[in-house]
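Structures follow.
In what comes next, chain A is part of two complexes: it sits with chain B in the first one and with chain C in the second one.
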Partner chain A sequence: MSSSAILPVGDGGILEAVRVFLGSLWQKKLIDVLLVPLELPSGGNVVPAIVSDPSKLKMANPLAPIMPLNSARQVSAITRASPSAERLGVVLRPCEMRALIELVKLKQVSLENLLLIGIDCLGTYSAGDYGRFAQEVKSPASDFLRKFQEGKEDPLLRKACQICEYPVPMNADLVIGLLGTDLNNSILLKAGTVAGERIIGELGLKKSDAENREAAITKMVSEKAERRERLFAQVRKDVRGLEKLMATLATCVNCHNCKTACPLCYCQECFFDSSVFQFEAEKYLGWAQRRGALRMPTDTLLFHLTRLNHMVISCVGCGLCTEACPNNIPVADIFRLVGDKVQKDFEYVPGKSLEEELPLTTFREEELPNIGT
Partner chain B sequence: MRGKRIGVFVCHCGLNIAGSVDVVKVIEQISNYPGVTHAEHYIYMCSDPGQEIVRKAIREKNLDGVVMSNCSPSLHEHTFRNLVTSEGLNPYHCEIANIREQCSWPHLADKETATKKAVAITKTVIEKVRRNLALTPMVVPLTKKVLIIGAGIAGMQAAMDIADGGYEVVLVEKTPTIGGHATQLSRTFPTLENITDLVVPVMEKVAAHPNIRLHVYSEVEEISGYVGNFQVSLRQKTSFVDREKCNYCGLCLGSCPVTVPAEFERGLFSRGAIYLPFLQAVPPRPVIDRQSCLHLNGGCCRACQDVCPVQAIDFQQSDTIVEEKVGAIIVATGYELYPGDGTDEYASDADVIDGLQFERLLASSSSTNGEINRPSDGKVPRQVVFIQCVGSRDPEHGVAYCSRVCCMSTAKQAMLYKKAVPDGQAYVFYMDIRSDAKGYEEFVQRVMDEEKVLYLRGKVSRVFRDGEYLKVWGVDTLAGKDVEISADLVVLATAIVPNPGAKDLARKLNIISDSYGFITEAHIKLRPMETLTAGIYLAGVAQWPRDLPDTISSASGAASKILSLFSRKELLHAPTVAVVDAEVCNGCGQCVAVCAYKAIELDARSKVALVNEAVCEGCGACAVTCPSKAVQHKNWTPGQLFEIINVAIDEYV
Partner chain C sequence: MAEVGQFEPVIVGFFCNWCTAAAADLAGTSRMQYPPNIRPIRVMCSGSVDPVYVLRALLGGADGVIIGGCPPGDCHYVSGNYKARRRMAILKTILATVGLEEERVWVRWISAAEGARFSRTMNELTQAIKKLGPNPMKKDWSI
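Presenting the complex of A and B:
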């Protein structure tokens, strides 16, 4: 399962090459519909959309350095109740792909009839930043790719992207590879599964390999890992201990946007939206009396700790929780830091393999040998 | 929420509680707590006058909630729930606040801490009772039939006890015959009775019992259900011998050209591919061993088919699955010896044998006019070294535990050896002698004093072949010197380990086994014959190493547990189980994954979790796991838990 092919880049550039490839999936009747980011007619932003008419592909832009939503959640919305009846292609970034795998394990996504197309991720901007760039330059996507080709990583990229050690999609049938290729001439299409391999064959593409790919990936990952360690050291200093954590969460307004943006918070009805945390007046006043002062609302810390408890083992670090926070609380930094520890303790990499069972609900005779040491 | 009129009753338990908890102060602090209508303390609440206090208060104060602050609920929950029921309340409106095991005992020296904690514990339980709902136990039907897995001495004993009590027994045995390891042994200790004389009549009785259905050469394939209603599939392995046609003539046995080591003889003697484990096997029907039969491995041999006068050999036969419905199960899967030839320091040599092999030499000596012949050359061994604790009490090379029977079986083997070879010399290397039952110590003394068996306290460092002899290097720690013996035969008292299939079976049955594979009992002191899964019981060495009388006692114990279970018309199941709110359930299946009792499944159509209430033991694992709290435990709802936590925190913050 290592076959890969070349997608030639012509005058239309990389984006055109990707659009041509996506269109060919229709021509060869390999898919019926496609979930892919589309540029809005007004310009300035992209949103995930289900495309049934291939002519709409002229607006498709999976290269735009923006991820307004984690599309794994959209795939869940489509396939949760029943598997897709038509052949559905989905174009996902690595963190979306990893979230998707976690959602499959949580039975919130059905892979039946799905063609998973991953795309190398060079990072994304916040929605606000991207919107601004879109007004400044004609095509923020090509501008971004040009910068990447020049070997510069933009410090304005989202923090989650700057420290992401998974720039390459895992578990995709097909990967659109940008790393390690000469983007002026060609991009790579790499098969990750038997299905992917068959498609490369059916598309009649020229088989080839990008020799520099592994080296390019290793270089990128090691740079990001270094940045990640620096960030972890800072976050540890900022949030360790109850008092510092409370201070970090001080501006939380209980809007639960982080929960809504999280691709993995899959509950249809969040327990924190139920009435369990609504108390009678005298309860609040009694607590206030006893302690001198009572922080309101009372369930803020519990909400975040519970979300950590439920989700951190599966956290893919997409960072959309931080994006969604109206008060810029670094939710994702906390999740990444705690997740790093917990995931290592359980030797679990979220989204890596469908065969790896969710550790918290899997009985192992020997686990957590380091607890208490 | 305000509705309930709650009575709180604080017990002194003599000085058990009152010695470290100031009960008067507890009453003072509880009396004004919201909802508490009555609060009282007494020296022994469980006594008749104590119970009368509770009754009187329920009647006079019109209480509809009762909190008993006393010992663990495992001791008196049923006492007080019965009491409130007889006063017309629902039993689930009564809860125990454990202020003894969890409060007065651990804080013996600190009255202030203990009293404060007793108040806090009592208040949390008041909050629970305030929100408890009235619940009614479920009625579950009871199939009065038993599955016994393993037909060794334990399984046979339990089967007879239950069958004699008038209930049907399905007795399943993996090997081709019932009887188990006991049939391999020579004589008993300490009375030296011939074991064949004891066991074979039992086997015959079991086979002839109208209430016992035997399934030999069969294994449990699958089990589902719960106490009173287990559904069992048994795989009857094909023996290639037609059960109906075979007339037990035995002509086939001599016809087979194959020779393989006989399991029953522990490899000391051989058998054919078609074989009877031993002469008195029950049923006496031969089986063909698929692995070694020439015909079944592509050959053209049909020797057995040719000699069979009734055409009972059927090479086309295949496994069959038998379905049974039973109400209770006994696991009596027995033991094996520690795998391999003990440990490295003992040579792998034909004349280094394990205890069961020596039993076979002793047993077969009846056919050699009482002579014992060593395996390598048939010579009568003049010097025999017995080594105890091979693999046992040796966590580095074997198992940490004591195998319990080897001290006595070694003593017996040494005695029988001396009886067979009066001028021979037997040595026993031992760590300690464990002879702790009726007549055992006297027996060991006889072996030492009368039979002049030389007991050496110490370990053997090495056994190796030196020409005709086996050199045994050891140490006598009492004399403080090294010992070297030139032996003709070395007998290892190899550790007893659980049947290797027991772990797998435990998984199928949803019961727990320990790291060795012994089945774990519900309580090591108080409930040794039960597992933690209701309706599944334990007998014999499947639980822990035992000798014959202990095995038989435990088997009869398990049988009596089942007879008592079957004396009821139907079963009641506690209603404190999990419930699912289908509207909130995400169908993620995490609850299914954590349920130890297989009581939850995802409904394929609605993709919502469904609880089988009769199987649910109310452990609460699913409720904890469910992220949206769509699964909740009756009378342990998140609302109750948060109130309890809040109250507990309030007491200390």
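Presenting the complex of A and C:
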């Protein structure tokens, strides 16, 4: 049974409570540095930053409804070449945490010396929507939380967030719990590992039984799952078949931004950016000859289908591919729909377990009787 | 010879060096016939066939693709065919989910001893693809 403690919410609000908690990790010498979203001095965005000076925590804002990029990628950037020598805390949303676990399995992240701090996610906005929202209101985080408390559907939430059935971080040492708490008085700190238990002990926090948490999570997950099924039905209608698929990809300009934004596309050099796709003139002209015309740049559908093949089994549904698309192609919707099927086939939930092997790196002798005879 | 005007599919075969490509050889040396629609490509292992090869063939206008590997348990590299099986399962699921014709992709395990089965399978595949008709992606300049 994992223990939960109370983080009291004072006059400074929830954000202050979270900042105080993060600061206490330094005071108790539990971490040396922290990767956490900071408000930019210019305003209008909150970006992941490595904080070495706890006084910078007054800009920390993991509650603002914005995820400009998936920080799992940043943890990979920090630890891929060599593990962190200092104790590094990382504050991640659930989809970032799940991507992180996938990246560990893909050998792109070292967990050595890392303290994983997850935070319940109530969803995020597109960067543009967030920028406008942050200008309109005094405190984007508390206004967003107020909207959540009122229980109204937030139309600004990104589609990926509206259908996300994983609002609670998995595999974190510690989880900052918002769901099932009375946000005006206190939030939760929940241990997920032995290391987390020890930290809760060292911080000397008051224990909580977190009695409303499970029910709140179940309610949120079932609402999101219902919305997800509705979206899937729509995507099936919009995308299935060569004609509709190409209509969906009509505005693709092969910029590969979706690949760049994807936390899991980890190849140092993508096959599609390699010299394999630099053809001689006669190749292009030959293809054009054969079909009467040739769309330029070439291989639009090949790129998307290949990326599906390579990544969909690990897709955590963060939706940043759609965000990155300059022409609003619903890349993430397609990945979620296809991912749902493929992941179910292999009973695999990306980011759920460090022990479960990646389906493409392992096999069972007796399986898939329909493939090959 | 094919009759004039009859649809003659182009089928790309990725055959593993140790089993299916050897079976093709055996079929040849045993003077067993198989349709000229098959364009065999020898690979070292079915496990080395990235889905992008299969997609490249299909989107490039091939009417069918077959991946031939060692029977399960007999992979020259121990487990390449098991990994190929998972990859191709995912590929077929993806194609089916986005509404492209996954039935144009076949996976068969044909051992080096099975020349006759190789020849028979290639005949069956060619017939099946003829029935399916030309791959609609062949003429699409905009994919």
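By our rule, the second predicted complex is superposed on the first by the 366 of 373 C-alpha atoms of A that agree within 3 Å, B and C clash if a C-alpha of one lies under 4 Å from a C-alpha of the other, contacts with A are read in each partner's own complex, and residues count from 1 in each chain.
As a convention for this text, a contact is a pair of C-beta atoms (placed from the backbone, for glycine too) under 8 Å apart; a residue touches a chain by one contact, two chains touch by 3 or more.
All figures in this text were calculated on a predicted structure; none of them were measured in a lab.
**Q** Clash or fit: what happens to chain B and chain C when chain A is overlaid?
**A** Overlaying the two complexes on chain A (C-alpha atoms) leaves chain C and chain B clashing.
**Q** Check whether A:365 is in contact with chain B, with chain C, with both or with neither, and answer first, second, both or neither.
**A** The answer is both, since A:365 touches chain B and chain C.
**Q** Considering only the touch criterion stated at the top, classify A:295 as touching first (chain B), second (chain C), both, or neither.
**A** So A:295 only meets chain C here.
**Q** Could you tell me if A:106 is touching chain B, chain C, both of them or neither one (first, second, both, neither)?
**A** Touch status of A:106: first partner only.
**Q** Per the contact definition in the header, classify A:268: touching chain B only (first), chain C only (second), both, or neither.
**A** first
**Q** Who contacts more of chain A, chain B or chain C?
**A** C
**Q** Touching chain B in one complex and chain C in the other: list those residues of chain A.
**A** The overlap between the chain B and chain C interfaces on chain A comprises residues 271, 290-291, 310, 360-361, 365.
**Q** If you look only at chain A, which of its residues touch chain C in the complex?
**A** 239-242, 244-246, 271, 288, 290-295, 299-302, 305-306, 308-310, 312-313, 334, 337-338, 341-342, 345-346, 359-361, 363-365, 367-368, 370-373
**Q** Per the contact definition, I'd like the list of chain A residues that touch chain B in the complex.
**A** So the residues of chain A touching chain B come out as 81, 106-108, 266-271, 274, 276-277, 283, 286-287, 290-291, 310, 358, 360-362, 365.
**Q** List the residues on chain B that touch chain A in their complex, please.
**A** Those in contact with chain A are residues 515, 583-584, 586-590, 593-594, 602, 607, 625, 627-630, 638-639, 642, 646, 650, 653.
**Q** Using the touch rule from the top, collect the residues of chain C that touch chain A in their complex.
**A** That would be residues 51-52, 55-56, 59, 61, 69, 72-73, 79, 81-83, 85-95, 97-100, 107-109, 136-143 of chain C.
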